[in-house]
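Shared between the two complexes below is chain A, which has chain B as its partner in the first and chain C in the second.
Right, the complex of A and B next:
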C-alpha cells in the first residue's frame, strides 16, 4: 500500500494513479452538474429536494477526488474542477449529455426517463468501482472510497426505486423508460472503461480491470432487468467515442463554458 | 498545560452545528483528535457527509473558538477521511440534544437495510418515511401518525452499507 509521498516518488505509479483519479473526479463532476440543472424541474417537490441533495453529495465526492490530485501535485483542486478544457477531461460521454432539448432557464424539455436511467446505471457502476478501490493499493483513495460508498448507498436506493416504479408500469412511462435504457446503453461502455491506460492502472493494483467491472455491472443489473422483463443488453457501447481518451461532444463544451463562467471572471476568488 | 487542554475542550463544546444550534461538534462525534503543544492546537475532524456545505463554516467556527482560548497562539483544523464518520459516533448527549431540537437521532442500521425511528416529539412508533433525502444530506423527513407532525431524522450511516 502506498502513501502520498511514496506515490510521488514512483513516476509510473503516479501517472496511472492520476489517470484513474481524473476519471473518477470528472465523472462525478459532470454528472453532478447535469443533476443540478434539474433543480426546480423534478416531477415533484420531494424529488427536487432529494435530487439536489444527491447532486450536492456527488459534487462533494468530485471535490474529494480533485483534492487527492492536488495532494499529488496536480494543482489546485478548484482549478482542476473548473479550469481545465474539455479536451483535458476524462469523463464518460454519456454523463456529459444534456438533460434534453431546451435550456434550463428557458423552456427546458428535459427527459425524466433519461435522468432516472442515466443516474441509476451510473450509481450502480460507481458503487462497483468504489467497492473495488476500497482495496486499492493507494491508501488515501481507499479511505475516500469507504466514505463515498456509505453515501452512495442512499443514492443507489433512490434511483433504483424510480427505475423499478417507472419501468414496472404499463403505457407511456414504460415505453419512455425502455427508450432511455436503449440510449444510455449505447454509450454506457464509456463509463465502465478505464481507457487507454487500463494496463498501467490495473498493473499497479489501483482498481480491478474493466472486464471485471463490466461483468459485475451486468451481473447486478440482470435480476433487475429480469424482474421488469427487459432484455439484457448484448453490448455496452461507446457509440460516440471514449471520454477517457479525451473524446467529447459539444454538450461538454457548452457545459464547461457555463459552469466556468463565474470561475474565469476571478480565478483567485474563494468560494 | 492540562488547564489549557480543558479550556480547548470546553471551547470545542461551544461550537455548534450551524443548522442545529443545540448540538456541538463533540456531540456529533466529529472531533477525532486534539493535540496541544507550546501554544499550538491541532484538531483533526471527520466530515459527516462529504457534500455537506456546513463543513467550511464549522472549520472556521472551530478556529475562531480556539483562538479565543487563553494560552493558544496558533490553530490548525484539518478534516481527515480515516476513520470514516459513522452515525454511531453521535454521543448519548448528542441524541438528547437532537431530540430537543425536534430531530430524531439516527437509528442503528439492521442487516436487512431497514431502519425505524420513533417520533422525537411524542415518542410514537407509528411513523412513516416521507423523503429519505431531507433539507440536508444527513437528514430524512418522516411523518408521525401519532401526533400528526412531520419531523426530521438523522440518517444512519455505517461502513457495513
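Right, the complex of A and C next:
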C-alpha cells in the first residue's frame, strides 16, 4: 500500500494513479452537472429534493477525487475542475450527453427515461468501481471509497427503484425506457473502460481490470433485466468514441463553457 | 329544519369562542381540530403561497448552480437549492392536509400555480443575471425571509409552526452562504466589487416589496390583519421592514456600498427609518405574473409538468404492471 509521499516518488505508479483519478473525478463532475440541470424539472417535488441531493453528493465525490489529485501535485482542485480544456477531460461520453433538447433555463425537453437509465447504469458501475478501489494499492483512495460508498448505497437504491417501476409498466413508459436502455448501452462501454493506460493502472493494483468490471456489471444487471423481461445486451459499445482517451462530443464543450463561465472571468481571483 | 340550522349556528359560535380562547392561551391548533373557515382559508392561502415560493425560488439560483466559480461554491449553492425544494415539499404537505376537507390536493396546487390563481413571492419574478445576484439572494433575500418566517415561528397552527422551526434553522445557513459569497466579492478585484453594488441596485426595490405593503390602503388588499388576529404572525409588514433596515443597512454601508435611495436615513426622534416607497403598482403587477421573469419561470415548470405526464401516468395506481 502506498501513501501520498510514496506515490509521488514512483513516476510510473503516479502516472497510472493520476490517470485513474482523472477518470473518477471527471465522470462525477460531469454527471453531477447533468443532474443539476434537472433541478425544478423532475416528475414531482419529492423527486426534485432527492435528485438534487444525489447531484450534490456526486459533486462532493468529484471534489474529493480532485483533491486527491491536488495532493499529488497536479494543481489546485478548482483549477482541475474548471481550468482544463474538454480535450484534457477523461469522462465517459455517455455522461456528457445532454439531458435532451433545449437549455436548462429555456424550453428544456428533457427525457426522464434517459435520466433514469443513465443514472442507474452509471451508479451501478460506480458502485463496482468503488468496491474495487476499497482494495486499492493507494491508501488515500481507499479512504475516499469508503465515504463515497456510504452515499452511493442510497443513490443506487433510488435509481434502481425508478428503473424497476417505470420499466415494469405497460405502454408508453416501458417503450420509453427500452429506447433509453438501447441508447445508453450503445455508449456504456465508455464508462466501464479504463482507457489506453489500463495495463499500467491494473499492474499497480489500483483497481481491477475492465474485463472484470464489465463482467461484474453484466452479472448485476442480469437478474434485473430478466425480471423485467429485457434482453441482455450483446455488447457495451463506445459508439461515439472513448472519453478516457480524450475523445468527446460538442455536448462537453458547451457543458464546460457553462460550468466555467464565472471562473473564467478571473481564474486568479478569490471567489 | 329551522331548529337544527339555528342549533348548528349556535354551536359554531361556541366552537369559535372556544377556538379563540385556545389560541389566546397559546395553544396549538392541529390539522384535525375544528377551526373557523376564515382561519383555514387564510392558512391554505398563506402556506401554499409560501410553499410554492420556495419551489419557484430555487429557479433564479438554478442558473448559478453549474456556474458557481469554485467547487466549494458549487456545493454550497447545490445544498441551498436542495434545501429550498425540501422546504417547498414540507410546506405543501402542510397545505395539502388543510385542503383535504375541500377534496383538493397537490394537483390543484400545481394547476393554480399555472393559471396564476396561486401567486409566488415578488422576488422570484426577478432576473438574476450575475454571480453577484447569486450572493445577494442568499444574503439579503434569505435574510429577509428569515425575518418574515421568524415572525411566524409561534404561529397558532402547530404543523406550520413546526415546519418553520426546521426551515428557519436551514435558512440561517443560506444567509451565511450568501454572505460568504458577498464578502469574497467585497474583498476581491474592482470588477468583483462592482458586481455587488450592481446587484444591490437591481434588488433594492424588490427587497422592500418583499415584506408587503404597509397597509391595505397601498394595494387595496392585505391579509396581515387577519393573520395577526389569529396569532399566525405577530409583527406587521412595516415593523418587519424596519427590522430589516436596522439589521442590514449598517452592514451594507460597512462593505462600502451605497444604498440606492438618497432619502434613506434613520429618524432618531421617531425611531424609524425613512425611505423612498417602491412602486406598489409595479408590485401588484409583478405578483400577477407580469414580472420580467414570471413567464419564463412558470413556463419552465409547466413545461416540465407536461414533459413528465407519461411518468405520472405510469406511477398512477390504475396502471397495470406486467
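The working rule: the second predicted complex is superposed on the first by the 267 of 271 C-alpha atoms of A that agree within 3 Å, B and C clash if a C-alpha of one lies under 4 Å from a C-alpha of the other, contacts with A are read in each partner's own complex, and residues count from 1 in each chain.
The definition used in the following text is that contacts are C-beta pairs under 8 Å (C-beta built on N, C-alpha and C of every residue); 3 or more make two chains touch, one makes a residue touch a chain.
What you see is a predicted model; the values in this text were computed from it and never measured.
In the overlay built on the shared chain, the residue A:23 is in contact with neither chain B nor chain C. Of the two partner chains placed by superposition, A:249 touches none, neither chain B nor chain C. In the superposed pair of complexes, A:229 makes contact with chain C only, with no contact to chain B.
After overlaying the two complexes on the shared chain, residue contacts for A:265 are found with chain C alone; chain B is out of touch. Shared-chain residue A:53: touches chain B and chain C both. In the superposition on chain A, A:150 contacts chain B only, with no contact to chain C. Applying the stated contact rule after C-alpha superposition, one finds that A:61 touches chain B and leaves chain C untouched. Of the two partners chain B and chain C, more residues of chain A are touched by C.
Of the two partner chains, neither chain B nor chain C is touched by A:91.
Within chain A, the residues touching chain B in one complex and chain C in the other are 46, 49, 53, 56, 59-60, 63. Touching chain A in their complex are the following residues of chain C: 55, 58-59, 62-63, 65-75, 78-79, 81-82, 85-86, 88-89, 92, 106, 131, 181, 184-185, 187-189, 191-192, 296, 299-301, 303-304, 307-308, 310-315, 319-322.
The part of chain A that touches chain C in the complex is made up of residues 33, 36-37, 39-46, 48-49, 52-53, 55-56, 59-60, 62-63, 66, 77-78, 81-82, 104-110, 112, 165-166, 168-174, 176, 228-229, 258-259, 261-263, 265-266, 269-271.
Note for the complex: chain B touches chain A at residues 47, 49-53, 81-82, 84-86, 113, 130-137, 141, 155, 157-159, 161. Every residue of chain A that touches chain B in the complex is listed here, in rising order: 46, 49-51, 53-54, 56-61, 63-64, 140, 143-144, 146-151, 153-154, 157-158.
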